[in-house]
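Next, two complexes with chain A in common: one pairs it with chain B, the other with chain C.
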Partner chain A sequence: MTSLFGDWAALMPLLVLAGAGMAMLLVDAFVKENAQLGLFSAVILAGTAMVSIGLWDEQVTAATPALLGGYLASDRLALFADVAMCLGAALASLLAGGYLREHKLDRGEFYVLLVWSTLGAMALVRATDLLSLFVSLEALSLGVYCLVAFRRHSPKSAEGAMKYFLLGSFASAILLFGMALLYGATVHTDFAGMAEALRTGETGDGPTDLRLGILGMALVLVGLAFKVSAVPFHMWTPDAYEGAVTPATTFMAVVVKAATIVVLVRVFFGVFGTEMLAAETSGWPSAVFGLAAITLVVGNVAALVQKNVKRMLAYSSIAHAGFLLVGIAAAAQLDEGRLTTETVSSVLFYVLAYTVSNVLAFGSLIVVGSRGKEAVSYEDLAGVGRRHPWVGVPFTLGILSLMGFPPTAGFFAKYWILEAAVNAGGAMTYLAILAVLMSAVGSYYYLKVLVYLFMKQPEQGAPVAVPMRSGYVVAALVLSSYFVLRMGLAPTAYLELAQGASYQLAGLPDPSAQPAEPAPADEAPTEVAAAPE
Partner chain B sequence: MVTGLGTYLTLSAVLFGIGAAGFLARRNLLLQLMSIEIMLNSVNLALVAINRAHPDSHAGQVFAFFVIAVAAAEASVGLAILISVFRLKKSVESDRADLLKG
Partner chain C sequence: MSNTHDTSHDTHAPSVAVSPSEARFEIVLAILVAVIFLELPVHAPAAPANLLTLLLEVPLMGALAVLFIPRQWTAIIRRFSLAVMVIELWLSAWLFHGDYSGAGYQFSQDVEWIPSLGIRYAVGVDGISYWLVLLTTVLTPISLYVSYNSVSTKIKEYAFSFLLLEVGMIGAFVSLDLFLFYVFWELMLVPMYLIIGVWGGKDRIYAALKFFIYTMVGSLLMLVAILYVVAQYHSLSGEYSFALADLLRLQLTQSEQIWLFAAFALAFAIKVPMFPLHTWLPDAHVQAPTGGSVILAAVLLKLGGYGFIRFAMPLFPYASHYLGPTLAVFAVVGIIYGAACAWVQRDVKKLVAYSSVSHLGFVMLGIFSITRGGIEGAVLQMIAHGVSTGALFILVGVIYDRRHTRDLADFGGLAKAMPIYTTIFVIVTMSSVGLPGTNGFIGEFMILSGAFVSEELSVWERVFALFAATGVILAAVYMLHAVLKMFWGPLDKKANVGLADLNHREAIALSPLVFLIFWMGVFPSSMLDTMRPSVAHFIAQYDAGWRESYSADALRLRPAPGEEPADAEGEDEGDAEGGAEARAERPAADHALAMVGGAR
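Up next, the complex of A and B:
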């Protein structure tokens, strides 16, 4: 990458997607069949993921920090999140290519909004300054509000969008107030400066005001908890998920969640990772612990009583947020005054596994319904798996993966989070036990889907679901099935990527890297000298 | 008379509280949108006041400009959604938003 683009290589994923997003606005005016735009956006999103993978071994040159001005990072955490989010967004736009045409909602702006929201998410996971964090979070959110409101003639869609918008901007305001207080406490807006001021108690312009800092940290946690839909800040989730068109729901479930979890990791481990703020009993890890416990319980129990499959999947995504928070709380263990950030890899692997499993589950739900007969309730699924096995098989795979059943991606994802929690010991062991119990509760509503798919028949006179036919949707299902199985059967490669990201975040040498590799810092000065102005 | 940073921060917190209380108590979507604007502007006040107390950089003031721009974008998207809700329901009362439950 660096040989091709020089110092600009670090920005390449963002630039590629931004350029393609603008091109899409133009292409939209000329294509006759809008579904082709779905294919186009899927291709460019996949291409962006490739660019990010290409940057894996050389994320920065010596000139990168000056180029990015301290506002954006370019590290493996961001690149890993890029891959997960671009993959999820690419699959969601393939799903949209089939879904929107089938339901006569075929308008090109859907794909453009999706691409620009993904760009916001990619900037968000790179943010290393409160300013860039806020702006990119809003760039992500504003696009998603529009995606939720996309079905303009549906009162449900408008209502879901309104609720999402109101609570989302309320959360943004809380987050922003927290940021202002942190700025007041540390007199810095860049993460490195804030971390330094919080650690040393010296801002460079007077002492750090820790009371303001702790209040700000609490508000930032609340704001981000809204966005990851952790209980008790989850009220918008089921409504927005149900009201949105299903591809938009998929996008929200995978991309928005992945981005906010990664930014949570970056902010809390990077800025608030000091000995005092991350103390076991009084610091933020105990708050995350509490959020994780209540999110697991409420998410799983509320999912039990749902009659609408999309709502059930919404509550299941809340439950998965609980699992991710368990991983974050488990990783936030102080070891000689330093956070053991390397166990964040379990969270990152979970994000990737959750992305592909969720796309598979939502994609199968899409393929079950056809025009005017969208599958929403369990009854709509009755007997579909028997009558149309090619629909039943991917649905089963997705549901089993969300449940955490081997040999799917979800199994190892859950396994490593639980392993990290048990290794952390102490109260985390109880949280691990709670997580296992709640997974058992969760298997009830997941298996209910399978029971309806294969063991029930539609009642007399009830409308019978007819699966839709779309090459795009089938392609998305095949791809996500491949990743679900691949990550379940051979997870090591993906775990190593996640470990690479978390080791770099922790500032440790990558265990998988060759020891003979020369340090990039040695070469960098000559490179800069050689570079033309 | 010198007005200290604490005074500004207190005013900002009070404004933020008014906005949050308005958001939670009001049932009219337009008034809820206005409450959010009050919250965002209270943050602007805090940012500018903190920057005045620590004038080494202009981070706070720049931040306030960005907040203003983002708030405008947010308001436009919010009003668009609000209009779409009004067209379908002929009402901007959030109590009437009861199609999605459970």
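Up next, the complex of A and C:
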């Protein structure tokens, strides 16, 4: 692909999606009737994922960052995140294609917002500078605020969007303040320069102010923790998830979370991966450790008492964020003054598995309801699995995968995070034990879905949910079922992708690459990976 | 949560009426199945090398095929699922062809599954697991067959669950890779959960959830322990492996062993179930449909004991040596507590469920005695318990189908109304009580004699045996009490007059079990001979293992058998000799007793 497009090849995924987004705006403006925007955006997003996969083996030259003024990178971490997010977004827009039509909400701007938000997410995972990070984070967030408020006449939707917007702005302000402090400490906004300044203690313009740097780091962590909905920054999550139309909820649950986790990995491993800042007991890993522990406990326990399935899934997504943070804390192991990043692959795999399982669960929830009879509570699910086994089967699969049950994707995802935690040893082992105990707690509320699907019947006189019919939703369910089972039975290929992505983050030699080409340090694909010599 | 709807399972018609010609057909077919099963090992060609994979594939493919049969064709679904299980039974007859004269694994297969993590598809059977696989393949078709008398709704899902359950059970018994074992272990959970939760009694959802969450807590902690062991193996050898053979080379420090053993023991003790973790069992049994109870009692519970023998104790010998006597105390408490609880039950099914707690306490006592007699007796008792408790649950199901009550007070004088039923019930009761000549006797006697001479149980071994022996007496008390209440005395309840005796289906389901009760009771050596080398190997390995940890508390990796031929062999021999010497030191009288217990 490099031969065709030169250095622009690295930007192809972004360009393809941006072009499609503009085309969709035009289509939406001029073709009023029967615009199959759901299908169109799904195809475009899947195509973007393909382009990203195509770039996987491209040797990205040092010219690429220069082309963008050092603001964006194009490494395998970003490409991997592209695949996960585009897959999630494509499936979400397929779900929307069925859902919005069924509920008479079919307006084109939904897909346009979804595509532009995904573009923001893709830029976010590529960001190698505080400025590009903030701009793309806002590009992602603004679109999602609108998506939450999409059902304009529903007070719940407005409430969720308002909460999300206000708290989101607040978090953005905190993030921005942290960035300002970091700039003050290091006199750099690009990650490579910041990392260098933090490691050597020299900014090139006087000594680095480490106290300011630590404060800035803490504020950045808070800002990002808000976006991954880690406790105690999770308050917006249940309301926003409940208020949003379900495809938008799916999008939030998978794409926003994936993008933020990846950017968290990039910033904290790339910039703050110095010996002092990433020390096991006093550095950011211990903060992530604490966040993970409290997120796991609160997310799982709060999900137990929910009566609304969407709220339950919202709390379950908080619990999953806790699991992801366990993975990040486990991966942050210092080795001769540098962070090793092999175990980041477990986090990345989790993101992928979580994406497909969540789409499956939300998609099944969508398909259970129909116009005027949307399924929201457990009671609405009563007996659906028996009356309509082809709705019950994907729902079961999705729930089992979220529960982490073999042989589904969720099992291996959970398994590798646990393996990383146990391998890290020390206090991480206790976190792993907490994580499995909380998984056991979690199995209760997931099983409750199965209980209602298969073992209960609707109350006398209660409204009976009627499954909707939509080719789009069925297609999304079939695809995500395939991925859930594929990653559960033969996860090797996906794990290798994740490993490739995590090796390149650290500038480590990629084991899958040809041994004949040792990559010189100055050709290291990312600025983040600032070679230590 | 209301269960007001869908009480169809509680109100099915008593024993589906079958035309005489169909009954004759099924009887002839059953005899044919039995004859072929018994004749196959003699005449069949050499067993295929991938026999165990075949045993896993057949029910799995059957389960998938059932999904594609239209749900209205209930007769076809019934026959098809049974046919799959019968084919599975025939295939399992090939297991007799294995060479069980050594402790090695037979029909073993070892293929990479996820190479980058050292996860392999490694399966094999030895003299212990092979009997458990056979128990599974015999009991599963019987329990499905007998279910068709009473389960009349959602036959398709029922057959699917049973076939999937069979895959999980056989897989767990043959896995030689801890990861694979964990996958199958978890795989069993969902079908059983559905069987209890969908086709169960009034409080089925509570029982199913309790069953699921109890098991889940234990197994998740076991997963962390497995990962820890693998991490330690990785740190010493530089490679990942979940293979049991590799991990057995690892010698962990004493404190590590104790924590890891505790995690494994929790998972297995919940499954057994050992006192005080048994509380899910009565609920699950009472609520489960007959077929589910049979398979739960007969096979699923055995995985607990099997897990101790195959994984927990060989991997952490020091910890099991250290904690074994404590667990044996819980086993003995379980024996007496289970028996006492059974005594006061009015619900027959609950009575049988508590009797399981008591009987499985014997199994655990036998395992922790670490004597040949004790362990062989424990394995034999597992099989015997599977057969006789399976039969008891079928019998309880029979009377429940007719009377829709299980309360002892509602019966009385049934011997006059149902003579054949009474005969079989009394035979099975005798086996459960442990009458000589039935299978229950051999296992319990061997366990008690093993415990009596056990060195492992330190100075209290006779006390253990004494208290455990009271369990045998109590078993006679509660079982005979139930028989008395149900069958003897005047036939004074109107509803009990004119009850139909066993129909052909129930008779077909019970007759192989009755045959096994006597066969195992009279010819136990046919089973004991094949498990002896495996048990001897287990004890030798265990003794050497804990002594090694005891004398040098260190984290190290023993050399692989093929790695440094000269050196490693020498060391292995040394270990074996050490173990042999240790046993030779036992007093001669005790040894003789052990032989008596062990041999006949």
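The working rule: the second predicted complex is superposed on the first by the 508 of 533 C-alpha atoms of A that agree within 3 Å, B and C clash if a C-alpha of one lies under 4 Å from a C-alpha of the other, contacts with A are read in each partner's own complex, and residues count from 1 in each chain.
What we mean here is this: contacts are C-beta pairs under 8 Å (C-beta built on N, C-alpha and C of every residue); 3 or more make two chains touch, one makes a residue touch a chain.
Everything quoted here is computed from the prediction, not taken from an experiment.
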Notebook entry, point to check: Which partner does A:422 reach: the first (chain B), the second (chain C), both, or neither?
Noted result: second
Next item on the list: Examine A:440 and indicate which partner it touches, taking first as chain B and second as chain C; both and neither are also allowed.
Entry: second
Margin query: In the overlaid three-chain picture, which partner chain does A:134 touch, first (chain B) or second (chain C), both, or neither?
Written below: first
Next item on the list: Kindly classify A:22 by the partners it touches after superposition: chain B alone (first), chain C alone (second), both, or neither?
Entry: neither
Notebook entry, point to check: In the superposed arrangement, which partner chain does A:496 touch: chain B (first), chain C (second), both, or neither?
Noted result: second
Notebook entry, point to check: On chain A, which partner touches more residues: chain B or chain C?
Noted result: B
Next item on the list: Check the residue A:306 against both partner chains and state whether it touches chain B (first), chain C (second), both, or neither.
Entry: first
Next item on the list: Go through chain A and flag every residue that touches chain B in one model and chain C in the other.
Entry: none
Margin query: Residue numbers of chain A touching chain C in their complex, please.
Written below: 386, 400, 405-407, 411, 415, 418-419, 422-423, 425, 429, 432-433, 436-437, 439-440, 443-444, 447, 450-451, 454-457, 459-460, 490-492, 495-496, 499
Note to self: So in the complex, the part of chain B that touches chain A is made up of which residues?
What the structure shows: 5, 9, 12, 16, 19-20, 23, 29, 32-33, 36, 39-40, 42-43, 46-47, 50, 54, 56, 59-60, 62-63, 66-67, 70, 73-74, 77-78, 80-82, 84-85, 88-89, 94, 97, 99-100, 102
Notebook entry, point to check: Quick one: in the complex, what on chain C touches chain A?
Noted result: 1-2, 5-6, 114-117, 154, 182-183, 186-187, 189-190, 193-194, 197-198, 204-205, 208-209, 212-213, 216-217, 220-221, 223-224, 227-228, 230-231, 234
Check: Which residues of chain A touch chain B in their complex?
Finding: 130-131, 134-135, 138, 142, 145-146, 149, 152-156, 158-163, 165-166, 169-170, 172-174, 176-177, 179-181, 183-184, 187-189, 203-206, 238-239, 242-243, 305-308, 311
